[in-house]
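These notes concern the structure reproduced below.
Labels A, B, C, D and E are assigned to the chains in the order they are written; within every chain, residues are numbered from 1.
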Amino acid sequence: AVRIGVVAELSGAGAPSGTNWRDGARLAVEEINAEGGILGRMVEITEYDTQTDPQVSRALVQKAIDEGAFAIWGTIYSGSTIVNMLVAMQNGVPQFVGSEAPPIVQQGNPYIFRTSMGAQKGVPGLTPYFTDTLGVEKVGVAWTNNEFGKGGHDVFIQEMENVGIEVVADISSEQGQADFASDVSQLRDSGAEAIFVYMNQEESARFLIEARKQGISVPLVGEVTLNDQKVIELAGDAANGAIAHVGLTTAAPEIAAFGEKFNERYGREPIQDAIKGYIAAWATKYVTEMVGEFDQEAFVETMHGLCLPADQYPNILLDICWDETGEVSRPSFMVEVQDGSPVVIERLPAN
Amino acid sequence: MLELKDIYGGYGKITILNGTSFKIPPASITTIIGPNGAGKSTAFKAIFGLLSIQSGNVILDGEDVTRRTPAEMIARGVTYVPQGRNVVPQLSVYHNLELGGITSPDQQKVRDRMEQVMDQFPTLRERRNQKAIELSGGQQKQLEIARALLLDPKLILIDEPSIGLSPNLVQEVFRTLTKLRDQGVTVLMVEQNAKAALAMSDYGLVLELGRTRMHEPAAKLLSDPRVGQLFLGGHANVEAPANGI
Amino acid sequence: MSQFLQIMLSGLATGSIYALVAIGFTLIWQSAQTVNFAQGEFVMVPAFLVLVGMNFLGMPLWIAIVFALLVSIVLLGYVFKKLVVEPILPSGGISLIIATMALGIFLKESVKEFYGAEAQPFPPLFPTDPIHILGAVVSLQDIINLAIALGIVVLLTLFLNRTRTGRCMQAAAQNPAVAEILGVNVKRMILYAFLINAALAAVASFLITPVYLAKFSNGEVLGLIAFIAAIVGGFNQIRGALVGGLLIGVLDNLTATYVTAEYRAALPLVLLIGIILIRPQGIMGTPEGRAV
Amino acid sequence: MEKLRRPFIILGLLVLAALTPIGQGNYMVYVLTSWLIFSIAAMGLNLTLGYAGQISLAQASFMAIGAYTTALLTLSGVHWIVAAPVGMALCFLVGLVLGYPALRVKGHFLAFVTLAFNTLVFLVLRNEDWLTGGSYGLVGMPRPDFGLFQTMKQIHFYYFALGITVLASLVMWGIVRSPWGRAFKALRENPVRAESLGVDTRRITLLAFAIGSTYAGLAGALVTPLVQFIEPGSFGLAHSLRILLMVVVGGSGFFFGPFVGAAVVILLPEFLRFTEGYYLIIYSGLVIAMLAFVPNGLMGIGTRLAGKIRRQRPIDAALPEEGQLK
Amino acid sequence: MSAPILSVRNISKAFGAIRAVNDVSFDVQPGEILGLIGPNGSGKSTLFNCVLGQLLPDHGTVHINGNSVSGKRACDLNRQGVGRTFQQLSVFPQMTVLDNIILAGQEHHGTMLSRLFGKPDAGLTEAADNMIEFFRLGHLRDELAGSLSYGQQKLLDAAMAFMAGPGLVLLDEPAGGVNLTMLSDLKERLRAYNLEHGTTFVVIEHNMEFVMSLCSRIIVLAEGAVIAEGTPDDIRNNQVVIDAYLGA
């Protein structure tokens, strides 16, 4: 069998992301093994719980490697990934992560691969929406002050500066924050014509609920999370009308089938991290078989500059390419929540 | 009334009571004297169910009450005033007093008794709304003694009531105990102020090393020269250590 | 102006929830002289019991609420007292602190493992219709929360100070040895405190979860802030919890709006340090009295 | 006999500590090194809490101060051997300051002041990016190089940490058995009386905090080269609580308690890993059970057993002759 | 007459409406054994606490050896040779009897640093053992102080006040609960110190036999004020004192 280390946030604040990632990966591994594994070897995953603690995650990546992991899947929280990616690099082990913070692919680490677009790519994808579709001159930003939120926030501010849109309110909140009354009321009174919301799922939901309560009427636009299945479930009606640029969503026709499979297997809707985990697993299979042997050096070399079209590699779900830094290019979607479900309103080409 | 039969017991592995036995008749006052650490307080704890007894029996009015809980002892008409300070610090004096009668089904009677004991210890009435912790040492002791009188007990265990009380109040307490004895209450008391205590007692009991050494009518103890030497203020000559400063 | 009013009103609404949780702290302190560091989790769990009732046992909302309340009282009151507090209390405060922290982890992880790591939506018990006041918006739910917190403070204060049982509870907490020799059933008094605390936590849970969403990790922050509220208000007075809770709720929103959002989390803490240094017994608390 | 046995046991344990990592994988050595480091931090808290009775929930923030100072200095080219003491000195000073609230409040209240401090430190580390790198933290700190002895290899670093731990323990041993140690205990037991006997309780309280914090600073200074990456999240409240757990589980006020406690807190989860998702549940359950059945911590068991034997003295010898009636 | 070792001037202390100490003044001469008696709640302990820095008086001044004690902390005073006991038992329960005694002496030698680097017992074991022997606690030397009986703890408490080697000792009810044999020893001990070292004592006590036979002068407080002062004989026969305090 071939060992894979799933190092993820199975407990602590990141547990929702981590467990989804793991469940997505598990689903993929079940399918892979049912098809005869990778190069005829069964895939055996060992799970490591980082407790959403970066230092623990670092130790656990080391442990997974000590225990002979061929590849590492995880972590999801950018804060952890930034710490533990060094270990995988020192040991020459390929690592798929579900994190979006820009610095992850900016450190020249050849072993790291994203499964979704980094903020430095995803957020700019939204800019035309602000300039052209909405045509606004003043925006507000609400973001969660962790590695993830900060990554997106910094990119967004830069983008707005570039296109000459004024940021009239820039409001950070804590991870796990429950009370968004002050954030919303500041945004409401700031004169912003649209609000960019960049938070983890639950925070997004709470924000939407409060925004609805205080009667915010300007467009709420997000990236990655704002229209996530989970956010919609939590925020209920309050989510209606929210718009987001996302890389992965079960609302996309290509991914809908995965959503059903997942639901059948686990009895709940997947959040995007589950899709990421699933993709990480299948990419490992496809690329290893492309290389033809379990060779980690050859694996990463092959990965760089590789494109996997979805028609040949169906379980990769969407056409995907990795560049030299491990960043992905993939088509993405503008999604709006209508009547409680995400609807793709625009499909953006890979960039 | 109360009998201790060959009690062995102590703290953890240490035995303090080494076969303590005595028997006290009803409606009497018995004073226990003995050196510090003899086990006097420990004996009280044994009677009141606060000590793990290894063997032996405590018999109250013919009933074996060994290892009963304090609540059960109170139900049998026994009250206990321990050594040291024992008030509920943040409750008012009045509510501390009230706790003394908390188990009584007849609260009206408890309130009447409270008025009586506050007459006896006027300070308590004066300070009824003050927190108990704010009282002076002696005032707290008064509160404790008063508290033990609320339930009209059959047997009072009182451990060194004179500590901290001014002389006139010591007399008052002794007078009260005598009065209670005359009404049929049994009193068992520990006192280092032995002369005064024995003078008002019916019996005296000398406890040493957790055993009863003497148990005589109080008058007889008072006139015993050995007892006088050791417990009634006679002087045992001991060299002071040369240094220590 | 309307922003300021909005901030104040929202602050009061959140503050009343902090207060509800904080009351539990002061109650336990006044009747058992201990601190329950799993209090936040005690507020998290009942909401999940409601969800279990509704989603797995098919109960309608209100039945599920009653079910959750009862189960909470048994589990978080009786069982907690018997299995954790009673054996550990004699070995001292710090052991119990650690034990309740461990209990917090236990509850959190159990919920995560058996119900799931993701937040769950939770139906509001009272209408959330907005009420507009001079340009600010509150919901009926907010107002009900405030009223409930107030009512509980009044009732509990009366209970503890005006009834014999209440005073016995205080005696059992402040000097268990004395309470015992006076015939107070110390264990039962402590049990009462824990039962009431569990009930309070459950009520708080039902009121806040619609806003906070049901999630295994909800207790972390809530427990902390509530504890700070209790200290700031005055640990030995039930009404202190109310004052502390409301104060923190309002100040938190004011700081976030007018001072700094980045250091927002620091505000209750700075307040706490300030209060403790200036008035260690808390705003409404009374000094513990004579030390020598 | 009694006197001789102790050094032998200690020597034996030392040899064991030196041999354990041999032949282990990198991960295991890493875990063992964290055990040493956390033992140092717990040792400090044991002084503050176990001996002097002042509860502190800020131990992790002192580790942070030590770690960040060491990181910033070593990144700018200063050798660890200089950087670490600077970090420790800073902790000593900040510890003195944090001791001030302890002069006003006790118990749970003090716990919360220190907790607040911990959170403040966390926020500063996260928000002041210009110095601390914000939430991305600092990366790439070198491991100390002592010419002939380099610590780049995991196992070498372990021996380096072991050496420091032994040194730190010796100093601690000296402190707790000196009159200071007695004064710390007196402060814990009855501060008012201690003050009336000439103990400057104010100074002793501050020292208890400062020394305890310095140990945390040392631990932090070791974390930096071990992990070679630090970020605010690793010094949050949860870590202070973990250190507290180590002290209590090991046996607060027992000299070797922190080592045992750190071993339990760090190594036990390793053994429970196989239970997957349930391990935190089992772990917390075990902690509660331990507190219920072994209230004085694991070191307490040993002492209690020893006490049982010693205590069986004949009580009759306990009273002086002249106090007896014949 | 030499300068007073302790001089209390117009001390008042109120707790809310309760005037615990009300304008009290007196002097204590070096080498004196002064008794301080009075009904419960008359302010004796409060007075001690005001003298020794545990409480801040509302009014008045206290001088020891001619120096004002205002602003001085209890530990400073102790190091300058002022020892005391508290009315309520005050030992260190989780420390052994020996450690209790050594602690009581150690702060009087050397400096903060010498106490860190010097001998672990501060060179006091022998002195402490003598003290323990004298108070007949020898068999309890290595027991935890908390496991002693009330009277034993009271003796330990007194022993600690002596370890300070002070010039002025304030004792709050040293006799309470102490066995009579031990009590007369204690009295002897006080006298011996007084003679040999000129140590001055102020003793609060309700045990009249003890006070009357020990003290050279007695001050009587009632309701916070001095109502009488004089030799034991004067006091014994003072009708005001009998009415307020001694009883028939």
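Here are a few things to note about the model shown:
The definition used in the following text is that a residue touches a chain if its C-beta (ideal position, glycine included) is under 8 Å from a C-beta of that chain, and two chains touch if they have at least 3 such contacts.
The chain lineup, named per UniProt: B = ABC transporter ATP-binding protein; D = ABC transporter permease protein; E = Branched-chain amino acid transport ATP-binding protein LivG.
Predicted model only: the values in this text are computed from it and were never measured.
Number of steps on the shortest path from chain A to chain B, with steps defined by chain touch: 2.
Contact tally for A-C versus A-D: the pair with more C-beta pairs in contact is A-C.
Using mean Cα coordinates as chain centres, the one most removed from chain C is E. For this pair, chain A with chain D, the centres built from the Cα atoms lie 39 Å apart. Chain B and chain C have centres, each the mean of its CA atoms, that are 44 Å apart.
One simple way to say how far apart two chains are is to compare their mean CA positions; for chain B and chain D this gives 47 Å.
Rounded to whole angstrom, the centroid-to-centroid distance between chain B and chain E, based on C-alpha atoms, equals 27 Å. Residue positions of chain D with contacts to 2 or more other chains are 192, 277, 280, 318-319, 322-323. Counting partner chains per residue, chain B has residues 35, 37-38, 134, 230, 236, 238 touching two or more of them. The residues of chain A that reach two or more other chains are 10-11, 145, listed in rising order.
Looking at the complex, you find that chain D touches chain A at residues 25-28, 30-31, 34, 126, 134-137, 139, 227-229, 231, 233-234, 238, 276-277, 279-280. By the touch criterion given at the top, residues 2-3, 6-7, 10-11, 13-14, 109, 112, 116-121, 128, 130, 137, 139, 211-213, 215-218, 220-222, 252-254, 256-257, 261-262, 264-265 of chain C touch chain A in their complex.
Against chain E, the residues of chain B that register as touching in their complex are 11, 34-38, 41-42, 83-85, 123, 130, 134-139, 141-142, 160, 162-172, 192-194, 229-236, 238, 240-245.
Interface residues of chain A, counted against chain D in their complex, comprise 10-11, 47, 49, 51, 53-55, 58-59, 62-63, 65-67, 79, 82-83, 86, 101, 103, 145-147, 150.
Taken in their complex, chain B has these residues touching chain C: 48, 50, 70-71, 74-75, 80, 82, 86-91, 95, 98-100, 102-103, 107, 131, 133-134, 147.
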